[in-house]
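Just so it is clear, A, B and C label the chains in written order, and each chain counts residues from 1 on its own.
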Amino acid sequence: VKRGKSRKAARPLALLVLAAGKGTRLSTAPSAPPKVLVECLGVPLLDHVRRAVAPLGADPIVVVVGHGADAVGAWLSERWPRARAVRQEPQLGTGHAVRIAMESIPDFDGDVLVVYGDVPQLETADLERLLAAHRAKDASASLLTGVVDDPGRLGRVLRDAKGAFQRIVEAKDAGRKAKVLAVREFNTGIYAFRARPLRTALVALPRANAQGEEYATDALGRIAARGERVEAVLSADPASLLGVNTLEDLAAAYSVLRRRTLTAHLARGVAVVDPDTTVIEVDASIEAGARILPFSHVGRGCRIAAGAIVGPFARLRGGSVIGPGAEVGNFVEVKATTLEAGAKAKHLAYLGDAVVGEGANIGCGTITANFDGQRKHRTVIGARARIGSGTVLVAPVRVGEGGVTGANAVVLAGRDVPPGVTVVGVPARPVAPRKGPRTPAAATPEPPEDGP
Amino acid sequence: VKRGKSRKAARPLALLVLAAGKGTRLSTAPSAPPKVLVECLGVPLLDHVRRAVAPLGADPIVVVVGHGADAVGAWLSERWPRARAVRQEPQLGTGHAVRIAMESIPDFDGDVLVVYGDVPQLETADLERLLAAHRAKDASASLLTGVVDDPGRLGRVLRDAKGAFQRIVEAKDAGRKAKVLAVREFNTGIYAFRARPLRTALVALPRANAQGEEYATDALGRIAARGERVEAVLSADPASLLGVNTLEDLAAAYSVLRRRTLTAHLARGVAVVDPDTTVIEVDASIEAGARILPFSHVGRGCRIAAGAIVGPFARLRGGSVIGPGAEVGNFVEVKATTLEAGAKAKHLAYLGDAVVGEGANIGCGTITANFDGQRKHRTVIGARARIGSGTVLVAPVRVGEGGVTGANAVVLAGRDVPPGVTVVGVPARPVAPRKGPRTPAAATPEPPEDGP
Amino acid sequence: VKRGKSRKAARPLALLVLAAGKGTRLSTAPSAPPKVLVECLGVPLLDHVRRAVAPLGADPIVVVVGHGADAVGAWLSERWPRARAVRQEPQLGTGHAVRIAMESIPDFDGDVLVVYGDVPQLETADLERLLAAHRAKDASASLLTGVVDDPGRLGRVLRDAKGAFQRIVEAKDAGRKAKVLAVREFNTGIYAFRARPLRTALVALPRANAQGEEYATDALGRIAARGERVEAVLSADPASLLGVNTLEDLAAAYSVLRRRTLTAHLARGVAVVDPDTTVIEVDASIEAGARILPFSHVGRGCRIAAGAIVGPFARLRGGSVIGPGAEVGNFVEVKATTLEAGAKAKHLAYLGDAVVGEGANIGCGTITANFDGQRKHRTVIGARARIGSGTVLVAPVRVGEGGVTGANAVVLAGRDVPPGVTVVGVPARPVAPRKGPRTPAAATPEPPEDGP
């Protein structure tokens, strides 16, 4: 048996992703992206699918595009270069899409997995189980199924007395047959096929239905009708198999994916204190030992090091880097900015397009004015600098190592603060170095903080 | 049958709303509003009931008031002018309240719907089903019921073997009859009556009970005892029928109404990204195509146009208007302010009593100082103006079209910024128009932003 | 019977808290606290246990410490002085810990309750029920049990046909006995013992197991094997009995404790508007009649008076005091600061180490710069003072009663604002007292606010 399994496992795997839909119910704006590029938790729906299928190591990967084909194609080139886009024009149903995809890989033989680009909750484990059963039973076709109390308009999966797959009955064809409608197992539309019987079954699929479309289900039906083996594999989590068609669906997927992402971070040692009030978008890279406090929003692509503390009420936007032991506190926004080790921005501040050096302290109310109306500019703050409360740093500008700014100072673009120098005022000018003990008259207010 | 139904539907409908309670368990403060004026998700409990009953088109509408009668009366005049307030003094029970209400409409004949002003989760569909059954069955009285595992102190609804209503047994009267207490169907106290049998049943209701009060239940009991037809109609969602008596009840109602409001916005095309972390109060008017990001709080009466983006961590207070494509970002509060098309306030800012013109950019840290200790004043910011980071605009003040303020500028009240002029400093003064390329010395820091 | 019960109730009670664990799965940082000092909702896990057991009035209280013994001991001295720390070194299992604890109270006779320092959700009621049953049945040992669908690796509780306790079977010892593994009742490890049989049972506990440890379960097993009475008492809420071993466990405990804390505040008359989006840490003291709006984070030890309003998007940190009718609004952080009656800080502000006098108004954007790089300093704002928008107050500094600061003013350390005086500018200097009606030129912008 082992030898047999091993032989089956070695069979090549092609992946077809159906991604041609428009997503009219998600947005009617002319500028709206095609459905599979709609974002959920920081990345497009299609990217969630990419992540779920990645461990399967499928090759080739064919993504069937239609609405917004150029946009999807461009996204694939950048983010999923191993996938090839195949255009379905016009869109004549799932069977049509599978046929076009198979025609684009005429020499492929092996197993063919069919999934959808608008099912972001898809779990790798379900696909692995589908493929494992498909191969172990040497099936010509296999389908992933789910069980819910009322599958509504979804196709019902009928099994014989021994539990073997018989056929799929579409809800509309069930008509008044209450017995069929009472079946709680539904067809998810996710299939594994052997390539050869699939190619045969796709020839001249009927379009004699209400939509005038070709259905992938019919291909499976033909294979079953020929008496070839068809396996139905039950998913443990049917909710993960539902496609996103409406904004409610999108919000529901967001909720599941948000929770799943947080759980993964917890399992890897990130102290997410209150998952109920925390959002971490996909792809944030957080080291074990970082702490994320309540009411925090961490954008995609952020990197947070061990010992860093974020929140509460903090927002890290895409691509920010929070170094070891660095802190971002309440009502602070960080965008495309790096805080090096031990740097702190603990209260009301905006840091954009900046680098904050090791151990520097960003006072409450600090703002990097990074945009001049045409371009964005960078702010560089040196190690151990102390930026005073309410300071505006007009980029491009540098504050040298150990530099200090006074409260409500405005450091103009290009007027760099030299290392160790203190500047104050609007606009900011250097003050004479402080001598002796600090006096009330010294215009060098320190940033508010809570000490070590 | 059809003809009969149609005739019945034409029967006039009176609505009685019992709203005399004090709400001691919601607040013990002397200044506390009467119970039905306690707010939930931005409007009084009574307003939620008003919304639920509005589609029924009842006329007359009688609201029985008692505690805080003047306040409730004033609210009715302003917000529910079709309702007439009838005073119940002293408050001697629900039967007493219904009797007083019926005496205030002595000539009314038809159906009488009795609801409560402290049941904010009430759903129109339940009332429609109650009325439909009441009329279809030509009942003299009908009651809405719910099923829960343990109805506790609520009255149990007993039915005969055929499922027809028999009678209500109060929990306290059930005594040790475990069989009665095990009944899971309870009386919600929401009734439909035919006016005539109701009037008869209300005469000299007994007060021989612990509270010495007249109960509406007893009126229904008399009608049933006379052998007239009484229908019991089961609600699909018993939680929606529970009154608000405690702060826990109020929080539970808030949670349900919050979720229901968000779902309605989603269904209408508003992209509420994360319902779990979003609050939208009742009555906010949001166009399809607007996006509401996580951790946002949108107050009652706000208007948000298509293409607008709100959040995360944004707070829109009552009556704010966010125009097409306008953006309100993190840690920004907007109050009684209009942002015209494409205007942006993306980071830490307070805009109160202001108008922000088309395409204007509000820099991070901008504050409209709208209150002089006695009165509030307006701030008007022209189209395409650019307000620099940390600017304080002391109202009343205007910034002309294309006007610019420098970082941390303080624009004093009345010192309007002419169109196209740049002002800087504390207090702000005009600078000479910039010539040639931007130099580091130019004191015209731009607001931070992320560009298009 | 009554006499008997009363006699039993009078039996002395010793409490043993096992608190020697390291908590490796919570943090691997070298500086990580020992497990029982890991915080959850503002206080260490062990403090939650302290609160749960406090009403039992046990004496003596023995806390068995091991990893981080010095830190736990120090915490006990400060926060739980009635408890005595006993060191377990090396840590050789729960039975070993109980033995060491019992050896530290050689003269104690009575009942012995054994709980764990890493079970923060523990409920007093469960412990009371365990003790009551233990005493009422005159048991030599009693255990608290829970029922869940699949107890996994937890020990199963076997009962006889009459429901009496038989024995505990460890999951690993159940082997392939599906019947035993199917038992849904598990041993929580929380026990009540009579001291004498416990001492006997602890002698030479076997270590012939995988870990080479002594198990408290075996002590209970010995007592049962001797034919002495052992009671198994079922908890109503098994989730409350689970220990915290992983960050997921910690987050789950946080969620339960957060909800429980909010419910307690609601029950006591605090208007928590939206529990779903509110965090109140343990030990905050809030009077009935205070209102906590959504998206608020109230730290441990804060005190909030009746009539105060906090939120939305407010953060009160440890030890802040919000007086009667005082208000803390959106994007405001308050730390170690007192707002006296009617004082208001309604928008974007940071108040640290400050006292704000009665009726004073803190303008939007106000910052107390309380840290000079070495030490923290205090800010004192007098009654009815009005701090202008964007003001930075560099501590130590005082604003006298009725003092006023202009927009974006910087009040330097030590440059106190005398009562009734207005200061403006960077740095702030007094202006001549205003005469006659307010003119546009007067540099005395008022703080933004919404009126009375």
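Methods note: a residue touches a chain if its C-beta (ideal position, glycine included) is under 8 Å from a C-beta of that chain, and two chains touch if they have at least 3 such contacts.
Just so you know, these numbers come straight off a predicted model, no measurement behind them.
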Chain A on chain B, rotation in degrees - Cα superposition, rounded to nearest 5: 120
Homomeric contact chain B-chain C: same or different residue positions, threshold half: different
Gap in Å, rounded to a whole number, between the CA centres of chain C and chain B: 35
Residues within chain B bordering two or more other chains: 276-277, 295, 313, 331, 348, 365, 390, 408, 426
Residue ranges of chain C touching chain B (in the complex, touch as defined): 263, 266-267, 269-277, 288-289, 294-295, 306-307, 312-313, 329-331, 347-348, 363-365, 386, 388-390, 406-408, 424-426, 438-443, 445-451
Interfacial residue positions of chain B with respect to chain C in the complex: 26-29, 246-248, 250-251, 254-255, 258, 276-277, 279, 295, 297, 313, 315, 331, 333, 335, 348-350, 352, 365, 367-373, 375-376, 390, 392, 394, 408, 410, 412-415, 426-427
